[in-house]
Amino acid sequence: MKLVPLEDRVVVKLIEQEEKTQSGIVLPDTAKEKPTKGKVVAAGAGKYDDKGKLIPMPVTEGDVVVFAKYAGTELKLDGEEYLVLRASDLIGILPQG
Amino acid sequence: MKLVPLEDRVVVKLIEQEEKTQSGIVLPDTAKEKPTKGKVVAAGAGKYDDKGKLIPMPVTEGDVVVFAKYAGTELKLDGEEYLVLRASDLIGILPQG
Amino acid sequence: MKLVPLEDRVVVKLIEQEEKTQSGIVLPDTAKEKPTKGKVVAAGAGKYDDKGKLIPMPVTEGDVVVFAKYAGTELKLDGEEYLVLRASDLIGILPQG
Amino acid sequence: MKLVPLEDRVVVKLIEQEEKTQSGIVLPDTAKEKPTKGKVVAAGAGKYDDKGKLIPMPVTEGDVVVFAKYAGTELKLDGEEYLVLRASDLIGILPQG
Amino acid sequence: MKLVPLEDRVVVKLIEQEEKTQSGIVLPDTAKEKPTKGKVVAAGAGKYDDKGKLIPMPVTEGDVVVFAKYAGTELKLDGEEYLVLRASDLIGILPQG
Amino acid sequence: MKLVPLEDRVVVKLIEQEEKTQSGIVLPDTAKEKPTKGKVVAAGAGKYDDKGKLIPMPVTEGDVVVFAKYAGTELKLDGEEYLVLRASDLIGILPQG
Amino acid sequence: MKLVPLEDRVVVKLIEQEEKTQSGIVLPDTAKEKPTKGKVVAAGAGKYDDKGKLIPMPVTEGDVVVFAKYAGTELKLDGEEYLVLRASDLIGILPQG
């Protein structure tokens, strides 16, 4: 992704929820939950604290992060949809593999 | 649980209230109170104060905590439901055993 | 009470208002005033100020405290109802005896 | 009064406005103005500033104080009605005699 | 005026707008603009800043001050109406003579 | 102008938008845009920062300034209408000539 | 552009979204997305932090920036429309070429 986020912003590509229920029924779009998981595609350099010291970013490109259902700001860029969150709005990280 | 919470976040698995009234009547789901007790399944490392010093977490994995009825953010992860709270939103700890 | 409150939280057991008017009429439940008095059943250790110094708690277990009609958060624990307040939300203390 | 207010709280007994108009007509209760004057019946010890220094109270028991029409919190204690205000909510003092 | 204002409060007696239009028509009460000018009748000693230093008051008794149409709190005292403003709510001073 | 603004306030005389469209049609009053340009007619001495140091004013009398459509407080003084803005509410300066 | 922005303000000329869908249908104005991309046409010198140190601007004239759909304040100047944003409201920069 070409976008260079400013401050402690994290740009996330949503990971859609499973499209089947546990009993195997394929869910229509309107019944799907809003995603709360996503892959970090770009992260800013971090914010500076009151003393002028850079607060390091807790996540990096490629991390799978979890956030609240209505957190962040939607962003459409070149036809693709992303979610932009502040690092402090991320609930946590899901280690992969 | 795989999720690694950020900052002072606490992920809690709700402990449902008793399903019977004192006179032994089994309550339907709609009559049950919203839980205010839960078991900590994951806790962040804590937040940093204005001086850059880490504020230690008051709870750890396995603790049973009490919170207000409408506190926290609901989180659904891999079919399981959790509540995410900031450490400062916890009312207190219920020592077990 | 088993609950150990965090920070400067105070758990209070409400003291119901008199159930009779001055002329001796017994009031029905709906005509009773919301209580503004309660007995402290558990108190946290206090909060830390910006310098990292503990602010001592102004009340202790057993104190009778006064608070505004709609202050605090209701908490139901093991069938009992409590009110949870921050120390700074307490109006004052009523010395007993 | 038995209540010991906490922090910079001031408990005030309202001073009702004159019940007659200038032309001598006695006003019914509903036409009376909400009082903005009161006598201090109890005052806290004051609040601490950011440096941990006690900010002295500007008023003391017996002072007649003036406040905005809708300032403060009503408090009913043992059948008596009071108004509880923070010292910083008081408009001023009316020196007596 | 007897009232001694606290902190940086300024008590102002409103200066009514001209009751005639430029063409000499006397306006009824409902067509008059809300006053934005007033004479200071009492002023507090000022507020203390974060370092405990007194911020001197920018106005003194007798000054004619200008304020926004809906600024301040109305105060009725002994039948007279006043406006109470914080020093920081005053737009400016109109030097007289 | 006689008014001496306090703190970092700027008193502005609005500069009306062109009364004709590009094709030469004279617009009625209701179709005109709310002005976002104005000439500074009076400016305060500035505000003091947390260290007690005066923050110098970015504009001076005679400057043409730009502000958001709904910024500031309207002020009517001696029949003339002005807009009062804080220096920090000004978008920028339009250098003249 | 003649406007000299104050503090950390950035004046942006919007970059309209493509007027065709992927299948080549030309969209009417009402179906177009609100732009979230723009070219910086003027930028302030930056804001001062609490210590009086200038925080440098993250963008400069000519940069293509991305912002949230409803961020910023619209500004019409000499018939041209712009968007005014604080530097901290910018999501990120899109490096060109």
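Read from first to last, the chains carry the letters A, B, C, D, E, F and G; within each, the first residue is number 1.
FYI, contacts are C-beta pairs under 8 Å (C-beta built on N, C-alpha and C of every residue); 3 or more make two chains touch, one makes a residue touch a chain.
Bear in mind the structure is a predicted one, so any value in this text is a computation, not a measurement.
Its C-alpha atoms fitted onto chain D, chain A is found rotated by 155°, rounded in steps of 5. In whole angstrom, the spacing between the mean C-alpha positions of chain D and chain F is 42. Once the centre of each chain is set as its mean CA position, chain A and chain E turn out to be 52 Å apart. Centre to centre, using the average C-alpha position, chain C and chain D are separated by 23 Å. Residue positions 50 of chain F each touch two or more of the other chains.
Here the chains link up into one ring; start at chain A, go to chain G, and the full order comes out as A, G, F, E, D, C, B. The touching residues of chain C, when paired with chain D in their complex, are 22, 33, 36-37, 49-51, 53, 55, 58, 66, 68-69, 87-88, 90-95. Residue ranges of chain C in contact with chain B, taken from their complex: 2-7, 9, 11, 42, 44, 48, 50, 52, 73-77, 79, 84.
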